[in-house]
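In the two complexes below, chain A is the common chain; its partner is chain B in one and chain C in the other.
So, the complex of A and B:
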């Protein structure tokens, strides 16, 4: 078993296991910590796919940013009630059937496709190539993204403003 | 590892996220499921980019990550606002639009 295969399977186990823990664990705070592990595992998958820059972005934005604001939201909403940070699930059977059915369909479709198994050569410095592509071919979407994030920021501040 | 392995892994994570979205009662728990689903899409994008030798998919992933973070920030702001109005974050009780 080569190192690549071993790394993929261990990352897959971590990713699927922590994802299951996110949707099954009772304690909401623990669920967020499992989500952080799942997002870190995804960064590892990006590393396996030679996308070092995306792995860094994933760790900074996702595992850092999202986990922080989710924990913040939990603290704001749960502590004020004074209850335990627990959550229950409903209609587990129906949810499992729908999710398993979709998974079966997806896996069958993927298995039937003829997809490449070999990786073509890519630019040696992928980060540089990504940066150049963002600032040349995709410069307009990039600027629109800045507007979107500004609008999101203003919206979040507006929603979370103190009562006057 | 071939492309199929990565696609299958992403499909598994997507379905787990879908299960979470459908079964969780807590609104924040539902948002966590949505994050998982969006995350699996990113795996697909990067895998397709790597196996087709085109960097465009990775550029697209940068965009989706940024949009997802904005979505999470706004979603949680709405959750906090809903909590302030209704004193609950349980999705079943947030039925303001019930006819």
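So, the complex of A and C:
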């Protein structure tokens, strides 16, 4: 077994384990920490695929940023010290059915594709390619995303403004 | 030597060098602060107090490790490690001389920024896991501060990236062979000031040390930690400051450039990083702590727009000075 394969399977175990822990842990704060581990594991998968740029962005935006904000949300929505809110899974059955259906669909779609055994070689520096295509071929979706974020930002300001 | 041996040994050497530097940087800071306040600083242990860091380390190792009854034990125990790992990983992409480093990734600076953003997870785990009002308040303030100062830090660090035209740290260092970026007219100085301010803030040092404001929050998020766990948190914090100092020396002072033969390169780099570190320390011991709202206003109303304008201005200058665009 080559080092790549070994690394992939170790990462896969960490990823699936932490993802399960996110939904199965009772303590909401622990769930967020498991989420951080899952997102960091995803960055590891990107690293294995030689996509260093995506791995760094994954850490910067998701593991660092999103987790920070989620934690912040937990803290401001519950009493600071004292009783802790816990995560309940009342509809665990229905959720499992939906998840299993989605998994089945994904596996079927992937099984129909012919996946080459060896990874094709990267044609050029991935970071450069991403930078160039985002500002040329995908410039319109990129700008639309920026407008969407601006709208979100203004919405947040609207809700956060003091009542007068 | 086979490749995998090198890739095992290089991190080991770097890690131990960092530990050594961190140990002695605490002495440097104490001496420096003492001189600023007309004191002598540590003097008793060894000549001129040179053995003080060793004595401190031994004392911390021998202290009792107390875990509060109400603490969230797994989170409390893991927090120092989660905090330390990113602080050590930031050294992975820093080249100490041409070709001398652990991993010279083509996204070196982005890796540095991304990994140092992970530090907040460990910090928040410490604050929450302690189950202590002061620690939690401190962790909340830390999140506030980190969200506010990450962006100016990134924008200030991106100015040298634009000037050099590469995200690879060794390329940025090599691009400064003729002119260190700190001497680049106007842009260089402004970016350096923004970098220092946001470094001081990102490292949670005075005047931005509201998350460990002694008079309000005792010792902030680490109030419940003692012994080795406390030492690990301190180690992580100092390692992060040293890492940021190395980054500052690399982005603005031309890294290993200096007179003398080639093997002097890493020594010059270390000296420059120490200059940046002393600059940060100088700020720390010169200003009084500012309030939370003042700190947030400084970031969102002044530093963020200013660095954004600076970044756009740099892009304009780079395009204007590049022939054939």
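Assorted remarks:
Following the convention adopted for this analysis, the second predicted complex is superposed on the first by the 141 of 164 C-alpha atoms of A that agree within 3 Å, B and C clash if a C-alpha of one lies under 4 Å from a C-alpha of the other, contacts with A are read in each partner's own complex, and residues count from 1 in each chain.
Keep this in mind: contacts are C-beta pairs under 8 Å (C-beta built on N, C-alpha and C of every residue); 3 or more make two chains touch, one makes a residue touch a chain.
Worth saying up front: this structure is predicted, and the values here are computed from it rather than measured.
Aligning the two structures on chain A places chain B and chain C next to each other without any clash. Residue contacts after overlaying the shared chain place A:68 against chain C, while chain B stays out of touching range. For chain A, the partner with contacts to more residues, out of chain B and chain C, is B. Once the two complexes are overlaid on the shared chain, A:29 sits against chain C while remaining clear of chain B. Of the two partner chains placed by superposition, only chain C is touched by A:125; chain B is not.
When the two complexes are overlaid on their common chain A, residue A:52 makes contact with chain C while staying clear of chain B. By the touch criterion defined above, A:117 lies against chain B but remains apart from chain C after alignment on the C-alpha atoms of chain A. Superposed on chain A, the gap between chain B and chain C at their nearest CA atoms measures out to 13 angstrom in whole units.
Note: residues 53, 57-58, 65, 69, 72, 80-81 of chain A belong to the chain B contact set and to the chain C contact set alike, using the contact criterion stated above. Across the complex, chain A is touched by residues 72, 74-75, 105-107, 110-111, 113-115, 117-118, 120-121, 124-125, 128, 131, 133, 136-137, 140, 143, 146-147, 167 of chain C. Those residues of chain A that touch chain B in the complex are listed here as 4-5, 8, 12, 15-16, 19-20, 22-23, 28, 31-32, 35, 38-39, 42, 45-46, 48-51, 53-54, 57-58, 61-62, 65-66, 69-70, 72-74, 76-78, 80-81, 87-92, 94-96, 98-100, 102-103, 106-107, 110-111, 113, 115-117, 119-123, 126, 129-130, 133-134, 138, 141-142, 145, 148-149, 152-153, 155-156, 159-160, 163. Those residues of chain B lying in contact with chain A across their complex are 1-9, 11-20, 22-26, 28-29, 31-33, 35-36, 39, 42-43, 46-47, 49-53, 55-56, 58-59, 61-63, 65-74, 76-81, 83-84, 87-89, 92. Only residues 29-30, 33, 36, 40, 52-53, 55-60, 63-65, 67-69, 71-72, 75, 80-81, 125, 127 of chain A touch chain C when the two sit together in their complex.
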